[in-house]
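Here chain A shows up in two complexes: once beside chain B, once beside chain C.
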Partner chain A sequence: MSASGPGPTVSFRYDGAALTAPAGSTIAAALIGNGILSWRMTRRRGEPRGLFCGIGQCQDCLVDVNESPALRACQVFVRDGDDIAASRSVGWRDAD
Partner chain B sequence: MRTEVAVVGAGPGGMSAALAAADAGCQVVLIDSASGVGGQIYRQSQRPGGETDPGGGPAGGGLPAPLRRVAGHPGITLAMGVSVWQAGPAGSGFRLHCVTSQAGGQGDAADVVDAQAVVVATGASELVVPFPGWTLPGVVTAGAAQAMLKAQQTLIGRRILVAGTGPLLLPVAAGLARRGARVAGVYEAAHIGPMLSGLPAIARHPGKLAEAAGYAAALARGRVRTRAGWALAECRGRDRVEEAVLTRVDRHWRASGPARVVPVDAVAVSHGFVPVLDLSRALGCRDEPLAQHPAATVVVDARQATSTAGVFACGEATGVGGAAKAELEGTVAGAAAARHAGRLDEAGFRARTSGSAARIGRAREFAALLARLYPLGDGWLAGLRPDTVVCRCEDVAWEELTGALAAGPSDLRSVKGLTRCGMGYCQGRVCGPVVQYAAARLTGRRLDAVGDLHTRHIITPVTLGRLAAADTGEPGGVPDSEL
Partner chain C sequence: MTVALPPARGAEDPPAAAEIVVIGAGLVGAACAHALATAGRGVCVIDRAGPVAGTTAGGEGNILVSDKVPGPEAGLALRSARLWRELADRAEGRFEFEQKGGVVVAHDDEQLTALRALARAQRDGGVDAELLDGPGLRAAEPHISPGLPGGVFYPQDCQVQPMLAASWLLAEASRLGAHLAWGADVLAGEGHDRITAVQTSRGRIAAGAVVNAAGPWSGLVAERLGGRLPIRPRRGHILVTEPLPPLIRHKVYESDYVTTVMSDSDDAACSAVVEGTRAGTVLIGSSREFAGFDRRPSLPVLTAMAARATAIFPFLTGVRVLRSYVGFRPASPDHLPVIGADTTVAGLYHASGHEGAGIGLAPATAELVTALLAGSTPPVDPAPFAPARLAAAEGLA
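Up next is the complex of A and B:
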């Protein structure tokens, strides 16, 4: 799905899996490029969400990165060594 | 940081304003939350060495030559990756509170910009009205699909449907097709699509007509099906979108024929734009609600001056009209800001803006024409199911909104309190126009009588620590009314 092509890449982890993405990727592009479309569950319904507005307005794409909770995946660049996780800091409905 | 003129938003309007002010001798700080200049329409690649995808045509390509002067202009300091989160008067000018947005909270750095004059060039955000399945992963705004393409050279899917209404659909579809996506059709709800050129009013803007024809030709070459008078009725799938349901609609977007089911792995949808007014409102600038669209526009005079002395506005914030209108207004706004800062006398201001009134008038005429060509129909309301989400942040269902409206509160602030629409992460940026439109239709009032959700938000997300540390220039920190 990604148009990764030749060029420098960065390595990161998403929910424990080792992945790569082209340098300069936003986290949203890095995840979508690896076939991952959702990285958050909504609070009331427990429905999966990912990219929506793509320009930092809607906050649907919130994701946890390293020690920082709830960052906008469409605005933040992935960095080498980032440990990214489906967001449990916002609206994650734990399995009861 | 101190400067004479701060321009917020580095799209075509903001860049033109920055150039006009700097050319008049001002020190200018040009601020944008994106990592580079261009705004949404001239969005540049964020990848090292990445060639900016033309994104479908002349309007989506690289920076026009006149705007490239922004880089390296001795009078312009670029503050890219910087978000203004609060703003207000300070001394004889204004103080903008900023955070570096690209770090996104990973060690966010704060700064204040004190300016004698401010140009608001904050652009517009996309309007998407709800339909069953619009929250499925893989369903994104047309602008998101285009931003991923232009800045990230990433396709949101392999088989992508483009739907909704407005002049953005064709360039987005053409850009996706050029990049190798299988575009599973372009479905424009309006009956007068951009492909139809019969209106004499359009013929008065031949450049725009040629641009639309270029997109249509590109799509025809790629054997992409384009249909006018069809609406996206539903998206279906388990954990992601797998099918899109399209229906033929009348001019009010009410279903008028059989449905067509199209297999997809992504959908790009857009129903128009709404001006982004967080900053103008923080600065106290008056805006007026529109009668035909669930949005408001900043009120400006012939000098692009807002109701707040020293604050000027240009581009989509004063009325959605595209890059040409933004650049023309930006040039006037920048010169007016320079005049306010004392760098131009009246004769100098007039010399730098002569002839612009007529050209701005023409650009606004075209904007009004577009609004008439792509009206927001109300048929989508009939397509909502009781459990369809209307507020994406708070998972508020359509039946909760209709229940609150039936209970009788006449103002949207009460509706917000009853339903939590507009109280989530996005603070009503997505559902606000939807709630306003639904309230108007369901209670038989005009859009401009209903008003908006009255959100009083911080302009961009910040940590509590940042709020606590803010130097607002007044005792007691950030005014209570803003929290």
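Up next is the complex of A and C:
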């Protein structure tokens, strides 16, 4: 599945699946363009979450990108080769 | 999907008469209402806005004995910590009560010597305090800065989610028959020398007695009721981080926090207070300043707080801050709570002036208020907290 438009595209992985998106997309746009509407579960009740406010305020769209946990998908641009995973919604995991 | 909401409490009009009117539905007012209703008194709680609309929602939920220098407030804090544990047992986990303990850290040997002297004096007053050397400090808090020489562990310090706790206390009071009426602003009191009624924006309530638990607004409420209470809002900031795995085990703060609490300067004073919450977020305080009720956050203050917190927990430099908030503490001129009868209006009682300790001191405050209203002897001597001391200090007595 792909969400390529007429311009340049980038390739990335989401939970292991190879996907593409128009270059310059936010991760949220890239995922939604591939039909993925939810990319994390809430920590307590396990309810699905995805894009809500879209402007960096609500913290609902957190996603794990490469080695960085809990980034806001609406505020980060997808880059070629990104390895994106559904988020555990908890940041800064390398304490030890 | 529809969600079935519980019937709204506080929507009904206030009753025409109540044995005792409690003004303020923050934690202090909620604790007073709960204690009075438990003692069989007829209670009506009113609030200008609604439950936990003010200071209770603007703080951290600390129940501390560690930051009290030996004296009357320390006795009240010890009593209150015990009452909190009893309430938490009854609430069965409904308000995130944690007896997590507090760790106070020193930055250098001079601070450590002073901190240890304070801890020894506190021990004589019944506070549990365990001296920690550098390795002991790192055993208690594995992610703490390796440069810190030591500190003191206070196992009696607790944490609570104050909004949940106040809501639980109000719900319990309501179950025991208390009326709750929100959106009722106090306009004036009635009666000569003795208060007989409170006029509110939602009607008049004839009252046998009135408890003023309006926090930083309690001075204004006292004035409208014909009394006097010199309470000023002392502003504080808190930073909230993204949710993290549990990395900070205790409430951790700098030893100069106590000095900051006791200072009288109008300028912003900062000292680091860091703690994790059940939700995973880390709360970073603290600041104290007299800036009226200005809700605009101060970037220099937030920056100073963050710098101090990262000096204690270096890993915080890699953690995102989600938001900040400000709150207003009810500050009395001598930094002691003001609990007891107004000096001029009979039947008016104040439960205020706790500054940043209102959450922790609320149950013991409620116990004092309940005893004073019943004419009985409370377990803690109320004399040091009497409003009359302030009038005397001002030459008004």
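Everything that follows uses one rule, which is that the second predicted complex is superposed on the first by the 85 of 96 C-alpha atoms of A that agree within 3 Å, B and C clash if a C-alpha of one lies under 4 Å from a C-alpha of the other, contacts with A are read in each partner's own complex, and residues count from 1 in each chain.
Here is the rule we go by: a contact is a pair of C-beta atoms (placed from the backbone, for glycine too) under 8 Å apart; a residue touches a chain by one contact, two chains touch by 3 or more.
Given the structure is predicted, the values throughout are model-derived calculations rather than measurements.
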Which partner, chain B or chain C, touches the larger number of chain A residues? B
In the superposed arrangement, does A:59 touch chain B (first), chain C (second), both or neither? both
Contact-wise, after the overlay, does A:43 reach chain B, chain C, both or neither (first, second, both, neither)? both
Looking at A:68 after the superposition, I want to know if it touches chain B, chain C, both of them or none. Which is it: first, second, both, neither? first
Please work out whether A:20 is in contact with chain B alone, chain C alone, both, or neither, and reply first, second, both or neither. neither
Across the two complexes, what residues of chain A are contacted by chain B and by chain C? 43, 59, 70, 90
Chain C contacts chain A in the complex at 143, 241-245, 247, 280, 315, 318-320, 322
In their complex, what parts of chain A are in touch with chain B? 1-3, 5, 7-8, 22-26, 28-29, 32-33, 37-38, 42-45, 47-60, 62, 65-66, 68, 70-72, 74-77, 90
Flag every residue of chain B that touches chain A in the complex, lowest number first. 33, 35, 40, 45-50, 101-106, 125-126, 135, 137-141, 143-148, 151-158, 179-180, 239-240, 276, 389, 392-395, 424-426, 429-430, 460-461
Residues of chain A defined as touching chain C within the complex: 43, 59, 70, 89-93, 95
